[in-house]
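Okay, structure first, notes after.
Order as written gives the chain letters A, B and C; numbering starts at 1 within each chain.
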Amino acid sequence: MFFALAAGIGTHNTKDDWLEVYYPAPLFQPAHPLIEKISSVIGYTGGNVAITLDNPSCHALENIFHQHGLDEQASIMTTLESADSPKVLMLMEHDLAPTTTPEIYLKLHLISHRFVKPHEINFKNIFSLLPNVAWTIDGAIDPEELPYRQLRARAEGRILEVTSIDKFPKMANYVVPSGVRIAQTARVRLGAYVGAGTTIMHEGFINFNAGTEGRVMVEGRISAGVFIGQGSDLGGGCSTMGTLSGGNDVIISVGENCLIGANAGIGISLGNRCTVEAGLYLTSTSKVQLLNEDQHSVEIVKAKSLAGLSDLLFRRNSITGAIECLVNPSAITLNEELHTHN
Amino acid sequence: MFFALAAGIGTHNTKDDWLEVYYPAPLFQPAHPLIEKISSVIGYTGGNVAITLDNPSCHALENIFHQHGLDEQASIMTTLESADSPKVLMLMEHDLAPTTTPEIYLKLHLISHRFVKPHEINFKNIFSLLPNVAWTIDGAIDPEELPYRQLRARAEGRILEVTSIDKFPKMANYVVPSGVRIAQTARVRLGAYVGAGTTIMHEGFINFNAGTEGRVMVEGRISAGVFIGQGSDLGGGCSTMGTLSGGNDVIISVGENCLIGANAGIGISLGNRCTVEAGLYLTSTSKVQLLNEDQHSVEIVKAKSLAGLSDLLFRRNSITGAIECLVNPSAITLNEELHTHN
Amino acid sequence: MFFALAAGIGTHNTKDDWLEVYYPAPLFQPAHPLIEKISSVIGYTGGNVAITLDNPSCHALENIFHQHGLDEQASIMTTLESADSPKVLMLMEHDLAPTTTPEIYLKLHLISHRFVKPHEINFKNIFSLLPNVAWTIDGAIDPEELPYRQLRARAEGRILEVTSIDKFPKMANYVVPSGVRIAQTARVRLGAYVGAGTTIMHEGFINFNAGTEGRVMVEGRISAGVFIGQGSDLGGGCSTMGTLSGGNDVIISVGENCLIGANAGIGISLGNRCTVEAGLYLTSTSKVQLLNEDQHSVEIVKAKSLAGLSDLLFRRNSITGAIECLVNPSAITLNEELHTHN
């Protein structure tokens, strides 16, 4: 069974279309009695629906949440009651291709709150549904309405700071999961899954529907769909090929305790304890010389035939120029002091 | 004939020097009767001049714009009349080396509004003329006056957010052209030309006097002077050599439907339908092995002798280490869903 | 002798722990009479201590600073007197491993104010001591208190902009040293040493306890501990290996008038007038072919044996794939126009 529900507050453009929704504390797989009680009070009859909330509905939900011991959610309803912005109750009974902005935003929240992992939820057609938004210091603005707002700010003696023009907001304005550091929040989209203990440095990046498990050092780019295992280290500026623009359907993952060096890149998945030397880009069609333990060449294979295997070290021989693969002599260990204090 | 005029509002430092000017809706090549009317009312006698606007002048301009059917510009004058910030009317009869800050800012606006393309306008001496500015949440501040403002903000219980110390502001605070996404606006300078349909991801960058034509995916860096053709894809972290710091005068361009792979780079221009493999940096002096259709080596040439040619694929042979060039087997096609919904 | 003192204003979380401290104008190696006067009035008896300042103490300090001709510091005290935020006087007699947040923040300020250089000051255990902070448009917030603040902002019709979740703030919100440009301040941490004349472009990055001397162009990443000499140029996206995550204790430095090409990288120190070709990553264990002046191979050595030597050019032979080292034919010269107008 799949069920998610959340009360949210967000922004409409002047045509009353949703631009974005913030769900402070979504509930995933809530108890049946709660769903039934909400159904009877709010008039929910199943399916995936976004119900506009007025103040009496907020008050009714506050009572229901209290009765079910959900004090955080009840307290949130109290606050929402006093707010003038548009409010919504999103109920999701099935994990289908989303059809509304409030539904997409709830799914993005579910991943960033770590209720579900990347690839465990349906994001079909998300790009065609999500509105493009001008993210500004004055909140979310429809790009068509931006020039008017910019001029009005100038008339007030201000410059309207526009931080992003994108379909996805930065995660940190919606969810900051426990135990993380994100040096530059502008580089992590809502819908990223950031494991407890992960540090994302200034050059790190995580797209939506992608992320890390546990303690990972991210100084490179985690493309849409890519997932990185516990204890791995992505060096500065390194690249992982995603499914969106790479043009193929293979989903890249990196296992545990891997090291991808600075300015390196991978077009194949890695198992555990693998190392890719700094500056080496390993595409799926790269030919690779396999070396035995005496470091003699044994065979030449395509990189994709090594995808997902563990304990490999990839390097470019700096005399012959050949890409070589040998057994990784040492798994990396992350700098303890850097990571234990998130 | 070249003529541009625009009413702007901006910021002075405490010495009444211009720090920046915002032109909400510049006019390029306006009709002669409009110029004549403005000349007679405002007292303009030709040349490139920045005329300070007081409220009666704003009102007079509002009337003139109305009479000439320019309702957007008229409406802007109404708003400017109510503003306390410094206002200016910039008239530009010739495309000469700019001499004032309002003139430079209008030229930067003209490119970002897509009235003129990179290299079509004179930016001589721009670095020595443009003032360095502290761009903050409280607007543009002279760096010399910043410490006082920072302390004052602290006394008010605030931290003054300083986003940039630079001669160029971010484009999005001035112009957001139609049909674009810019995930991180801090990486696109005013004076960038961003084609309709272009998506600039978090790792993308566009300098002033550089840009894209139409639908382009930008996850790499477009240096000053570089222009990218319709349908091309710049992979994550890829590099294009600019004219400013590269030390040579060759202007780099990329044709249509090219793919520059992640972490790759180019020091030569590319024609149409070219591919540079992920991770390969092709400088103008790189020696390249030309392969025939049987993939046999035919000749060794310098990369610059291949500049501007179409249908080439550049890769580094992962067994021999040699940079090879062969006929590109397939032009790339951009992910449709990603790009059609800007 | 080592002595530093500074009055600061900062932020507490709701438990009254320090989150951050801003020292507008620290004093380094101040005159003895000043220290003695402050000792007698404030009750300082030596050591490294953070003394909470109330308004009478601020007033007393104002008088002392005036008496000692320190008008800037006196004027700051006048402003601090009127502020409600927590205030502190930090006195530091010894450069020991820091033990409090105000002490660490003063050390970070000392470097960014150019009083001391990277590696000249003790930062032991800094990661375990520094609190993780949510840096927002509403100031510094304890990450545990962030959800409440985000919800409250929403109830007020605002989105609370969260720019960073990190132990280090951006330098520019605390110190902007003279003669610099920093296109994206989010990429320079407090504790960076930025030389007069340095330009940090959008892709540039400087960690704490790292930096540049004088006129340097930074379009790449200066990792913790790395120092770059006068006149050098770090190309776009280039990498320098730091001591924190690289796992070794060798401190990397780059001498004067070096050029590290775009997307290149170094794991060894460079002397003066060295060039690393664009796209080449030189690790300390890379084998390098030494060429004589006739460009014939003389010997093969490990890159680390060349560490710190001057006048070297490193490139990858694009036909043989070998990393080669030869005498650098020409030192680079930075673009004058770009750099002389900071």
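Keep this in mind: a contact is a pair of C-beta atoms (placed from the backbone, for glycine too) under 8 Å apart; a residue touches a chain by one contact, two chains touch by 3 or more.
Everything numeric here is computed off the predicted structure, so don't read it as measured data.
Student: Do the two copies subunit A and subunit B share over half of their interface residue numbers, or under half; same or different?
Tutor: Both copies, subunit A as well as subunit B, present different residues to each other, with under half of the numbers appearing on both sides.
Student: Only C-alpha atoms count here: how many degrees separate subunit B from subunit C in terms of the superposing rotation, rounded to the nearest 5?
Tutor: That pair's rotation angle lands at 120 degrees.
Student: Quick check: how many Å separate the C-alpha centres of subunit A and subunit B?
Tutor: About 30 Å separates the centre of subunit A from that of subunit B.
Student: Which subunit A residues touch at least two other chains?
Tutor: Only 137, 163, 186, 237, 263, 279-280, 316-317, 320-322 qualify.
Student: Residue numbers of subunit C touching subunit A in their complex, please.
Tutor: Those residues of subunit C that touch subunit A are 125, 127-128, 130, 132, 134, 137, 143, 146-147, 150-152, 154-168, 186-187, 205, 221, 223, 237-239, 241, 244-245, 247, 263-265, 267, 279-281, 283, 286-289, 300, 316-317, 320-323.
Student: Under the definition above, what is the set of subunit A residues touching subunit C in their complex?
Tutor: Per the touch definition, subunit A meets subunit C at residues 9, 11, 22, 24-25, 76, 79-80, 82-85, 137, 139-140, 163, 170, 172-173, 176, 178, 180-186, 202-203, 217, 219, 233, 235-237, 261-263, 277-280, 316-322, 332-335, 337-338, 340-342.
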